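In what follows, structures are represented as structure tokens.
Both complexes shown next keep subunit A, but they swap its partner, so subunit B is in the first and subunit C is in the second.
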Partner chain A sequence: MLSEIAFYGALETGLIYGLVAFGIYISFRVLDFPDLTVDGSFPLGAAVAAVLIMGGWNPWLATGMAIIAGMAAGAVTALLNVKLKILNLLASILTMIALYSVNLRIMGRPNVALLGEETVLTPWYELGLKFHQVPVLLFMVVAVVVLVLLWRFMKSETGLAMRATGANPRMARAQGIATGSMIVLGVALSNGLVGLAGALFAQSQGAADVTMGVGVIVIGLASLIGGEAVLTPSTVVRALIACIIGAIVYRLAIAFALNADALGLKAQDLNLITAVLVTLAIVLPGVRTKIAHRLTRKQA
Partner chain B sequence: MAKKFLCSLIGASLLAAATLAQAEEPRVVAITQIVEHPALDAAYEGVKDELAERGYREGENLKVMHESAQGNSAIASQIARKFVGESPDVIVAIATPSAQTVAAAARNIPVVFSAVTDPVSAKLVQSWEKPGANITGVSDMLPIDKHLDMIQRAMPDVQTIGTVYNPGEANAAALVELLEEKLTERGLKLEKGAATKTSEVLGAARSLVGKVDAIYLTTDNTVISAAEAVVSVGERADIPVFAADTATVERGAVAAMGFNYYKHGRQTGAMVARILEGADTATTPVEIMEELDLYVNPAAAERMGITLPEDLIKDATKVVKND
Partner chain C sequence: MISATDLQLTFGKGTPLENPALRGMSLTVNQGEFVTVIGSNGAGKSTFLNALAGEVLVDSGKIVVDNQDVTRLPTHKRANRVARVFQDPLAGTCENLSIEENLALAIKRGQSRGLTSAVKKQYMKQFRDSLSSLNLGLENRLGDKMGLLSGGQRQAVSLLMASLTPSSILLLDEHTAALDPKTARFVLELTEHIIATQQLTALMVTHSMKQALEVGSRTVMLHQGQVVFDISGKERDGLEVKDLLGLFEKQRGLQVDDDSLLLG
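Let's turn to the complex of A and B:
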């Protein structure tokens, strides 16, 4: 029912959005900082990477610059919040809006095409894999590397300080943690990851487009929450794996929805399906614990 | 040896079954569209209607798959993968982002794009004349040549044409560059007046007085929102004002040739039908709009000091008669 190409396409997009989910995990879960900057930093990463690749840069260097650009965007949001005391949600909306103009300036036009250019994917096509398998392999490697780095970071002293900042800022400050710096670092890191996702997406899709960021935050959240529903995030590493799984499950759900002609579902219905999925994902874990409670009570 | 024989036997029977099936099975056209939008929806309807007129009836000998990405590029990408996975006879991609995602996913399936302005800079084709691979289509680029024909029909002695444009608008700047090129080919001259915001349009139009025989406005958003300012200068200084979009004729311009996206879709559908009948995308040139709507405003022409030739008025799709 699902063709091989559609399946690999879902994996590919899912792995990219897994990076977005990592970023949203850091801002929403670790720091408790609802950050909408990502709708702007995703196309920002795409724009920076695309323009630099067109300018003859090495695609990996261009991707690296996209991460730095994303981090800068995140830092702006965090500084608006920490230094100017603007409400975190509002600060991120301001940066997101501003980034639309910035992205247009960077690209000079609404769409920069990368079809046929040398990208990070180009050398991998020589491995002899099928055309649609190559991006999946490369993005899987990237996702695993990022996952391991993030996991180690979260266990480091700085990482622990960041988690303390999100969990209980007053307590953290009492322990001598510079919570402001932690928020700036965390939100920057989060948007750096989203910038990376944008850069990779532009390279696999053949273009950076100024409208690419629409709904990134909702899809990222859906992936994060969906993953948490599948895999209870009791530890950092489980939470990170949940991000990836959630993103892939979400993309597979969309691929099935696109194929579910028999059910009468169409792409037009996807936004509704997303909302239902997120709602279910939020509600189901509660139901599960309730059932578990009842069972244990019965046994007792 | 026996195994090999069995394999080839199965292969041959499969092949036979496939050819048999092909004769009866409907042709499949998959249409992907980046977002629901009146112009793009009209293009989609146009494609279907044209295919029907050419004997490809949905539900009989044609299967149409249609998906909209609702403006979301990740979904556009998944729609492209889904379509490629089902290997239809032709994929139709409406608007640039959809066309690019399909181009990134489809290697061998013929793709026909619609409502793409500049397929060369979008890297969809190698050149307008020779697309070179599995992608070609119909562009909604302004048919400037046809517009210049129209101006020369109305004013055979025209020497210098003026235009007002916003150099900050990338599309507008590109169009003016193209306009200059086309005018030089015809041995005509271009005078430019720059306006970076609507309040500067009047001044820019005035700067053209005494230097130009006619004014031609492209689809520059800044200038078109203040088109009345250009019209008033034209009326006072007897300089006929022509436009690229028909709506400006109702606002006082002499004439314009525009197109609607339904007809754009019809032209795309005609190309799809040719591809279904075996035409090669690599050698099918990218088309721009053929069938245009000519709007004329004879009263406005009189106010700007010219009388439109009868045959031009007769060819018009619509003769605007306002005060």
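Let's turn to the complex of A and C:
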């Protein structure tokens, strides 16, 4: 069984990956823009926050700068696609690759440790909560605030224009929506959220590392698709809640898989488990509708 | 008023597939006119509409809408003046958005969009009133997803969306062609009603010569990227499909070889 610490740890990283899933929801679902920039913008957010905190910045300001850096990375990807007409997937791979160098430059070395530095978590440890509960509570507040803001945005005139851009670009243009600008705004917003996730991850783990972005896109997608399998995303708010639930369920599933001695799995099997879970999340909803179809046909 | 002067447009220039779609196309549509446009496949009807809407930019020539030169403007910058209904009933609306969200998108056509809520309470009466004029019961289904509606219903809503805010010209691109005959008649009647009551200026491309003569106040025939004839008023009244064919053959010394024009 899962220890209390492992359980809270899964919640903590689940909430952070929930933010990543929000970002991936905006790019993949709202804009229909397969964006792999996140593998670079996640460590970018971590690097910017870590370096600024080491430089004596207020940790919240440093986190804000990480969001802006992530947005800039997203904007580069979108502009490569919109202005230079590079295929969206390829544009995002180019930015992702470039960010590896950028992240090394920002940190000046492959990793920056934040041990003993003041982070966004520091003040909350004085409240008398258990050590491993603090990040969960803080990140939960952050996730809920972001969820409400995103939900309001998606219901706004601009948000609706963004949803139309992804769903039916020709119709969107005919309604006077500058679809190119909407893609830039959306992909920037998406990567801003991923930058935020990277910054929080670095602060809770106590370090930023240039390789910490590897596979973030898969984890985010796993969370998104898993969440959609659990909670049908018929409305924006349900889709956003599904992102968070999916991320937490994903982390818990991983923790269980690694903790269950009977299965004999080890930490190095993580990526394999991820791939299996994503496959299941993609296939299972289809199986469910097939079974439902068969049942209704028998009744009829 | 809109005027197009000497529009030239060639697709795939310099390639073996070079295709001149517009070859000196000129047309002026006055305020309040309802023009029907016919022509065989490849005559340049859809390209002309796309050029007016901004979906394609012409190689040369000039397009003026209400005294503003829009020739080089992209679609979204013309949207405040140009409203459009597509041939494909699925193209004019977003199926994943609700009916009220689609209408809310249309009510801001060509205007700047901010961060206030898109579906506002003050729109509701207008949305309900215009939807109830369709007699489809959609006024009680504002929250339903657009994808739940039939093709005809979606096309009717597309028409409403196009007429929700004022425009200088309404472009209808064979908007009844993909519907079954009964639904097509309903959408066509609705089109005539909306254009008449709101006194819209409209350009309707159709594949049917009969339809082209039955509705509207003026008929234009395109051939090989040009206007081959343009009739209105007394000259047009009482004209039948066979007269139109005769006119076409006389003008061009050509036989109409597109059966769908005759059968439609």
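Rule of thumb we're sticking to: the second predicted complex is superposed on the first by the 296 of 300 C-alpha atoms of A that agree within 3 Å, B and C clash if a C-alpha of one lies under 4 Å from a C-alpha of the other, contacts with A are read in each partner's own complex, and residues count from 1 in each chain.
Just so we're on the same page, a contact is a pair of C-beta atoms (placed from the backbone, for glycine too) under 8 Å apart; a residue touches a chain by one contact, two chains touch by 3 or more.
Predicted model, so just to flag it, every value in this text is computed and none were measured.
With both structures placed on the common chain, the touch criterion links A:179 to subunit C but leaves subunit B unconnected. Residue contacts after overlaying the shared chain place A:126 against neither subunit B nor subunit C.
When the two structures are aligned on the shared chain, A:171 is found in touch with subunit C, with no touch to subunit B.
Of the two partners subunit B and subunit C, more subunit A residues are in touch with B. Touch criterion met: A:214 reaches subunit B, while subunit C stays clear of it.
Of the two partner chains placed by the overlay, only subunit C lies in contact with A:153; subunit B stays clear of it.
By the touch criterion stated above, A:161 is placed in contact with subunit C alone, subunit B being left untouched.
Within the complex formed with subunit A, the subunit C residues making contact are 53-55, 74-77, 79-80, 82-84, 86, 91-97, 101, 104-106, 108-111, 113-119.
Taken together, the subunit A residues at the contact with subunit C in this complex read 153, 155-161, 163-164, 167-168, 170-179.
Considering their complex, residues 2-10, 13, 17, 108-109, 111, 113-117, 131-132, 201, 204-207, 209, 211-212, 214-215, 219, 251, 254-255, 258-259, 266-268, 270-271 of subunit A touch subunit B. In the complex of the two chains, the subunit B residues touching subunit A come out as 36, 67-75, 77-82, 84-86, 96-97, 100-101, 103-105, 107, 121-124, 170-171.
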